[in-house]
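Before anything else, here is the set of structures, which you'll find just below.
Each of the next two complexes has subunit A plus one other chain: subunit B in the first, subunit C in the second.
Showing the complex of A and B:
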């Protein structure tokens, strides 16, 4: 039995269902809500419902979108012959900060991971292949993380895409710019050394 | 080499600070006073993990939420690890957090020896692989990286095999995992073979000094014929139907072994306890020499209660070997009388009694 009154116990239970929130944090958050002004709580509730109800996924690139197609996909100034493949919507934000990449995106919504029961059918891969059937498509840039799963997913995609006659590239990994050799973590330095290039 | 060690809420210590000599350090005390805990704290800074097969949370002192172990090395590097009762441990260098605690490996190399290391001689192949993995990770960052990749890719491939025990597995689904495994796996096997070739004569020499005439040899025993990336891929492909049936991968360095033989007989099956002990001590001494050769300075040697089982001759020979190597050494023992008088004069002696060090 919960030692808290029903509505409070229910609120704690809801917080606990969020990723990364344990029992203690859920209780702390719930007690915080009780101390918040009622107007703030109402606004918070509305933001939750509104975000969930008004947002969906772009039918082209699978990014989070307010309309049927997202802003990037409907922007005529973007290059339509280049697609950058990322694991999560948040990775698009990182690429966009570059202000350099002018092509389109595709969000897989995860990476291959048999340990978590995730295969190609659980990712937005079929949708990606469909987009590549367009003959004007030139290049797919795979921008998954340099982890075992990220690298393997990139390898899998490359095998799938190359037969379609589209160029497949992968983001390079190495030293952070402006970083000092002395302070680079060993794994980063190692990969920068292995992928060194001729001057 | 470690100069100072600070502990708070680690095992049975509330809050202490200990200074270390660059040469011989003797940690003396009765059983269950905290000698080994002190050694373990030093090992934690070297490896990023607790020594005994226990969980991080159990190293946090009763009643505390977290334990902190901080060491100042002789080169002024400050390494620290925070263990939490709930949640992941964190490690940092000069106060900046590392991505993983295992990123500490290589900054403060150590070689340790305790009774548990006898598993090297009489235990399972897994114990010997763990020995190679730990020592080689300290020397070769690429080895540690390949090992991490290999373990993860192996777990993923096995999960894929299990998931397709009953249903058809498309070859293109398993191929990318095979490629990751073949690349990391062939690198691991090659590196281990090379290192064992280097270690074997060093071990024989150490064993000759320690145990006399019996000849000791080390040889790397590969589980299969796959020697390079291509051979590895081929072997994975040809064993696939078998692997699917068994739900695990039957090719690779995760199945290899290190054969330790005395006078041509594998020690695991034929050795007496005394033979096994001197073989393991010899391997550890050789490891120390190898690390010293590779990193240009002697690693710190951690010896936990090794005197109680050695007879006086072998004990003296062991200590002589250590002094000859000339690095920092930390030895725990129950009685000062276990060490000869001339060594005692030079040693930094730390007396441990119920969580206090004097």
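Showing the complex of A and C:
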């Protein structure tokens, strides 16, 4: 039985459901909310439902999007013959910070991980292959993390895509092996992009 | 400029405002919300505003309360001649787990900390002294953390309360010095309660 009044216990339980938030952190966050100005709490609650309700995933590249098609896919100034494949939407932000890549993206929403039971059917791979049927497609840049799962996914994609006559490259290992794409500094990531190699 | 669509950037900003949540954690939490079932997100949002709007602080003991007076203060089975003074509402939960203490509580909402500019006027001390005017009051048990701030607050309270003819005791140092009341195991906290000493 929770020693806290119902609404507080309910809020602690909601915080505990978030990834990486334990019992003590959930309590700390809930107590913080009780001391916040009531308008701030209302704005936080609205931000939650509004983000969830107004955002979906782009039907082309699977990135987070407010409309059916995301801003990058709808932008006529982007090169339509290059696709950069990333694991998560936040990795697109890392690539965009370079101000160097001008092509499109594809978000897999994960990486192959046989040990965790994550196979190609759990990722947005079929949707990627569909996009490559367009004959004008020149290159797929695989920008997965340089980890076991990232390497596995990159090699799998290369085997899948090359027979379609599309060039497959990968970010150079300029980043520390075992690191996370999302944490790389711009200079490192830029050189990794420039020295991307044929798979 | 945020690389994320408006509603997502807004949600990340809200998470970042919480204590102990950095940029990367805020992004991780916000992305998690986008993948949660929409009903779960609505329930989370409601839990936030409901907790904040339905809960206040007990006008007697300053504990979190749904009504004007909290459940403990309204319970006629509690001894009304003993008050246990704690720093935070969560410390009441720690004491209640003992199933040993049957008196009332008083929440200071902080501890004296001259370096941080927190003096008696920033805590619920005046409200505590008001309660001691009741002639039937026998004992004040100071249950502050065994830290510099907790010790300072306990000594300050002893000096303030003893002249009123009320016994002032303190939890024994059975807990590791520098530790947090809220993290102590029940056995340790129980012995600390049993060997509470006169101040």
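In this section, the second predicted complex is superposed on the first by the 174 of 199 C-alpha atoms of A that agree within 3 Å, B and C clash if a C-alpha of one lies under 4 Å from a C-alpha of the other, contacts with A are read in each partner's own complex, and residues count from 1 in each chain.
The rule is simple: contacts are C-beta pairs under 8 Å (C-beta built on N, C-alpha and C of every residue); 3 or more make two chains touch, one makes a residue touch a chain.
None of the values given here were measured: they were computed from a predicted structure.
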Touching partner for A:93 - first (subunit B), second (subunit C), both, neither: second
With the two structures laid over each other on chain A, which partner does A:190 touch: subunit B (first), subunit C (second), both, or neither? first
Go through the superposed model and pick first if A:34 touches only subunit B, second if only subunit C, both, or neither. second
What is the contact status of A:160 with respect to subunit B (first) and subunit C (second): first, second, both, or neither? first
Have a look and say if subunit B or subunit C is in touch with more residues of subunit A. C
Touching A:171, do we find subunit B (first), subunit C (second), both, or neither? neither
Determine, under the contact definition given at the top, whether A:43 touches first (subunit B), second (subunit C), both, or neither. second
On subunit A, positions contacted by subunit B and by subunit C: none
In their shared complex, subunit A is touched by residues of subunit C numbered 3-8, 10-11, 13-14, 17-20, 24-25, 27-34, 36, 38, 40-55, 64-66, 71, 88-90, 92-93, 96-97, 182-183
Write out the stretch or stretches of subunit A touching subunit B in their complex. 22, 112-115, 117, 119-120, 148-149, 151-153, 155-156, 159-160, 185-187, 190
Using the touch definition from the top, list the residues of subunit B that touch subunit A in their complex. 86, 98-99, 103, 106, 141-142, 144-145, 149, 152-153, 155-157, 159-160, 163, 172-173, 175-177, 179-180
